[in-house]
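For reference, the structures are reproduced in the following blocks.
You will see chain A twice below: alongside chain B first, and alongside chain C after that.
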Partner chain A sequence: MNAPATPSGRWDNLARSRAGRLARAAGFATGRLVSADSIVPLLEAVIEPGDRVCIEGNNQKQADFLARSLVKTDPARLRDLHLVQSVLALPEHIDLIERGQVSRIDFSFSGPQAGRLARLVESGKITIGAIHTYLELFARYFVDLTPRVALIAAQAADREGNLYTGPNTEDTPAIVEATAFKGGIVIAQVNEIVDRLPRVDIPADWVNFVVQAPTPHYIEPLFTRDPALITEIQVLMGMIAIKGLYAEYGITRLNHGIGFDTAAIELLLPTYAAELGLKGKICTHWALNPHPTLIPAIEAGFVESVHSFGSEVGMERYTAARPDIFFVGQDGSMRSNRAFCQAAGHYACDLFIGSTLQIDLQGNSSTATKGRIAGFGGAPNMGADARGRRHASPAWLRAGREGRGNIAMPRGQKLVVQIVETFREHMQPTFVERLDAWDLAATANMALPPVMIYGEDLTHIITEEGIANLLMCATPQEREQAIRGVAGYTPVGMARDLRMVENLRDRGIIRRPEDLGIRKRDATRDLLAARSVKDLVHASGGLYDPPQQFRNW
Partner chain B sequence: MNGRRISYFEASARMRLSGLVDADSFSEFCPPELRQTSPHLAQLGAPQAFDDGVVVGRAKLAGHAVLVAAQEGRFIGGSVGEVHGAKIRGLLDKALVKRPAAVLLLADSGGVRLHEANAGLIAISEIMRAVLRVQAAGIPVFALVGGSCGAFGGMGIVTRLCAEVVMSEQGRLGLSGPEVIETVRGVEEFDSRDRALVWRVTGGKLRRTLGEATRLVDDLIPAFRAAAADLIARYQAHPLAPASLVALLDEQARLAARSERFAGARDGREIWQAAGFADASRVPELSVAEFNLHLGETS
Partner chain C sequence: MEQFTLTLPSSPLPQDIVRAAICGVVSSGNLEVLVEPGATRDACEIVVNTSAHGFRDIWEAVLKDFAARHDVGGLRLSINDAGATPAVVSLRLDQAFETCAA
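Let's turn to the complex of A and B:
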């Protein structure tokens, strides 16, 4: 007989390790239930030095009580941990590095902690495995970055340990599935323990421990944009996007990045786009969080379906009341799923549009700035051509024809659009010869400059000067001039070759607002379907309940 | 939600006027080409405006002759300087001669212009007297308050002298502005950065509840127009009578009682509760139509 070809001669080391950990933890739990007082010793019993640990940190929901508890564990016992999680958002995540408990991280996005993280990397206290996109990190959970211990957040548990994650399900299913089925341990913090859950999002036998947190987990209202802050330049760019792109290509399936530019487009749908007769012809199917600024378009009957990465604080009652539009459980509350929605955004959408901080002459764009390691989140998955895609749509086929010419083999291409003003805050030019990402890569010793969207995937740039269609550029020189041609009064824009730019305009590669029949003086805030957060509340029939910081009443 | 809605709050003074009065009926007095700018700002090297921040003229509203003044809140907070004040006062004097159906003051001002404080203070007192004179002659003056600067300081007083005050919820009316109160009395007295509180205390809904505003309308230029047209029709049917001494004494007594009743109130919610709103904390969320319905009127 063949003996198992493993060093220990066994095939169940992971299961035995899990059993040993659970045995050590038994004294701190009653069945699956752990009291808040016992969580620190339980974590010390369950986690071993060198473990890969995921502290569920999505870009909205945070397992904040478990993160705070981990910071209270004995650094002599819990050390050399390898954090594998999508977002490093809480100060506690970075505290763990400073306390010497975490020596390696693989992540996607670090937003608010970007500055502290950069300093720790420079001082050599932490090694970054890689900065991933969300979908890429989830994929690695199932290949070579499977967590041994996952600390997750749910809305509620029942006494058996079934979990209800509700509208903000986000990353939880991906994390738990990888951990629970590969010998790992899942510990959930919940806001409340109830007799009966509205629905089961995570079954109890995938969960090892449940602890009721003293305070509900934190959720960041990341996707709320106050319409009062949308400028008339953004209205103009929104009109250009709708008339020059959405109508032109017949975009029905799409994803919007976060920002005031895309919020302006959403608020122009029931007004400007409706006046152009585009209702039912564009923007019907979305991979999108429940943006409050989409409410007027939904109420106007523009939208047929929205699947979401996460939820948005205050949108719970609205999404529940619109089950034809959102993905809602039989209990009546929405469910999100970041992994599926990222896949949907990558494969099933014909257009991604978002903003960025810098664009270079090849069309590479980046949000990296010196001294901050902010990471990516999901934009690169949406903002990349899905080369594995095999289903056709008119918009996708047209972009393919424009980009590849009439070659023998028909192929399509995703429309990937950057919508930016030529100057951003503090009069920093958006268009640059060289991205700051190069300097960041050098100082932080990264293998790759952190580029959000690669030039080869970018198909259009919209600025207040008009649209540049990069698909139709025949040479790299034309592409560079097309970018300069919409770069306004930035140094990059001033260095344009006027004759070449006019030639590109004659060929429809650059289109100014007037070429599209858009009068700049029509671009006023009066076109917005809502001009304040309160207008959004009224549009929702009182169902939208905005968080305190967005209220002025 | 379909279609464009022209916000009164966000519009400029000239945009408000063009949407308020009958199309092509407006004719401006002292127009920008006359360059009647402030001599004081010039001396200080400060930016000037060719209309000194106020547009005055005659127009038709629903066919009736009116005189109108619209303050431009975007120019030094709609502040009243010497020229600015003289234009409004002159407009009111003209009303005594031309006898329009009404004079409309589109107030959007923090009060007297600090750069020319003495001249501005005199101008305000002249405007106050002129308003009373015009109304004593049977011509009603309407204040329309819905701009980003509201009507504060001297313009707050002028507004309250008017026969009618039309406000939007976004409009604010008061004497000392929130920042001034906070500076003088401390943040404990009034937190000017708590925007919700500022609107609950100075905004249109509270002013309407207290009876200081006589109409509450949506933040739309056509809504202000409709209210002004309706008021003109009413005054055409029932002309403004000179105030009797008895009526003035009654009003004085009513205000004294109100000031005593709400002396301890710190927040609009307490007044809404006293006014019988079922859920006072929800009043700011009510639409204008719902609010007016509760007050027992149709908008």
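Let's turn to the complex of A and C:
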């Protein structure tokens, strides 16, 4: 097929720019293959000052070799870059800012680098465009934040440049699609170059260069929670969630956060939930990474389907051996996709439950604390009502009735739940009059306080004191008292109006463990289906291979 | 260490406890509660030994709520605390009560 003729220089500037960059880089590559020694001059050849650059840094896998190489480039040549990537996790990401090579960043999450980033913002060395959710940043890749150069990570390449990203596919398809089809350049670091890939995750003609990294890319085991560290309070809150929410609403499609509270729920499914006769009635379909703590529930037949944002270190053989449950390619290995899984979590799940650091009296919650710009990741997309949703389910319809009453146009609502202990470590209260996010927004000159979940989206709070159903609160005053009524002995909780809280309890808006028929002496670690990482390995039939730092036997 | 004793009014326990109960362990962030018969029928005597300083108000609130939540008159509780959160204190107290009332 012939391409239509385009008048040169009017409509094809991006293509001409790409051709120029590729011509400059030609001397440092053999076809698409670049040796590790030539990567620094190649980066200097293809990247121009002012470019938008994505260094693939997900919350799991990292294009770490390419990040280290970028730090070795000449700051006089590669400067004024605009980083557009989901996670600033590596010290090198921040080093680039300190070296004066990056002047602007748009991102989602910066967990491990949150403190350094906050200091650089305060000193005026960097401007933050915005802190996005993952899905929101990917969306902007296709509108106004398209990368000119994407530095990505894959497990393997073949000699043509096709890529195998395997279980940790994660953000790669979204990044490459945006970059490759808008005149950009895609450079992949791979762990190995092979003659034949198990499957093609990214086709070679979307990839410009491939370099074999001297060491395999780093993957953070972010979703492994050691059952040995789950407390009895978490067991109690897990029982409250299962009996008071999952059973009550008939939650079949859901997403869990990554904390110990939700790990406890996963480990209570084959024991407590099964005793309540809930197998097949709750928790059948998930948008969730392959959490090791979900293994006992899968093995007990609780789970029908799991689609994942990414993989988890050590879960590769287990997921491959459970292709009815996970999304697995014809080659036999899992494929994840963060963009699709975020969309699934937003539109196709009836419940999100996760934890946070602070909740205010309106129910706004935030993980921002003074001196740390940590961002959100995906929680705001999971933890928000999907206002575009048009398919019904019993749980969604019931939440809609509770929240909107029967008068309005029939419409459902997503259940968005925060599960928190009233005090965090060092007696830091989770419930506060004012979020630290306000101070952070002021010092970092942000347009918005970084709120993870807005109060208007939050439907329930679970603490060790019980459940507050915010949907059924008729007035803002009731809502405030419902929050105070589960805030325990924090100053916010101690300032509750006792009479109003008892009234809310009579109306079922606040439910204590005893109101739910939960015996506290049953809330022991014996109720967990696995009490150690070793138990998880055993439950998996030896298929789960935990990373070294979780092996203590 | 901080030590104090509270005597809180509470309805008498429905039946006499037949045996002492002990719940929890003294490890970081945890506590041990010993329940045994006390001297007064319509009050609960609670002895607190805690490694954390400056939380007397919260202790009193937690223990008052416990004595109001259950009929624990006639009991004597000894608490050895190693920095448990109020959540853990309430849970241990309820567990100890449920165990000795069962």
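Heads up, the rule we're going with is that the second predicted complex is superposed on the first by the 543 of 553 C-alpha atoms of A that agree within 3 Å, B and C clash if a C-alpha of one lies under 4 Å from a C-alpha of the other, contacts with A are read in each partner's own complex, and residues count from 1 in each chain.
Throughout what follows, contacts are C-beta pairs under 8 Å (C-beta built on N, C-alpha and C of every residue); 3 or more make two chains touch, one makes a residue touch a chain.
Owing to the predicted nature of the structure, the values given are computational and were not obtained by experimental measurement.
Enquirer: Given the touch rule stated above, what does A:Met427 touch, chain B (first), chain C (second), both, or neither?
Expert: The answer is second: A:Met427 touches chain C but not chain B.
Enquirer: Give one of first, second, both or neither to describe whether A:Ala442 is in contact with chain B, with chain C, with both, or with none.
Expert: In the superposition, A:Ala442 touches no partner, neither chain B nor chain C.
Enquirer: Classify the contacts of A:Leu498 with the two partner chains as first (chain B alone), second (chain C alone), both, or neither.
Expert: neither
Enquirer: Please work out whether A:Arg519 is in contact with chain B alone, chain C alone, both, or neither, and reply first, second, both or neither.
Expert: second
Enquirer: For A:Leu14, using the defined touch cut-off, is the partner it touches chain B, chain C, both, or neither? Pick first, second, both or neither.
Expert: neither
Enquirer: Enumerate the contact residues on chain A facing chain C in the complex.
Expert: Chain A residues touching chain C: 231-233, 236, 421-423, 427, 463-464, 488-489, 494, 519-521, 523.
Enquirer: Note which residues of chain A are touching chain B in the complex, please.
Expert: 270-271, 274, 296, 299-300, 525-527, 529-531, 534, 537-539, 542, 551-553
Enquirer: Please output the residues of chain B touching chain A within their complex, sorted ascending.
Expert: Against chain A, chain B makes touches at 1-7, 10, 195-196, 199-200, 284-285, 287.
Enquirer: Inside the complex, what are the residues of chain C that reach chain A?
Expert: Of all residues in chain C, those touching chain A are 55, 58, 61-62, 85-88, 90-91, 94-95, 98-99, 102.
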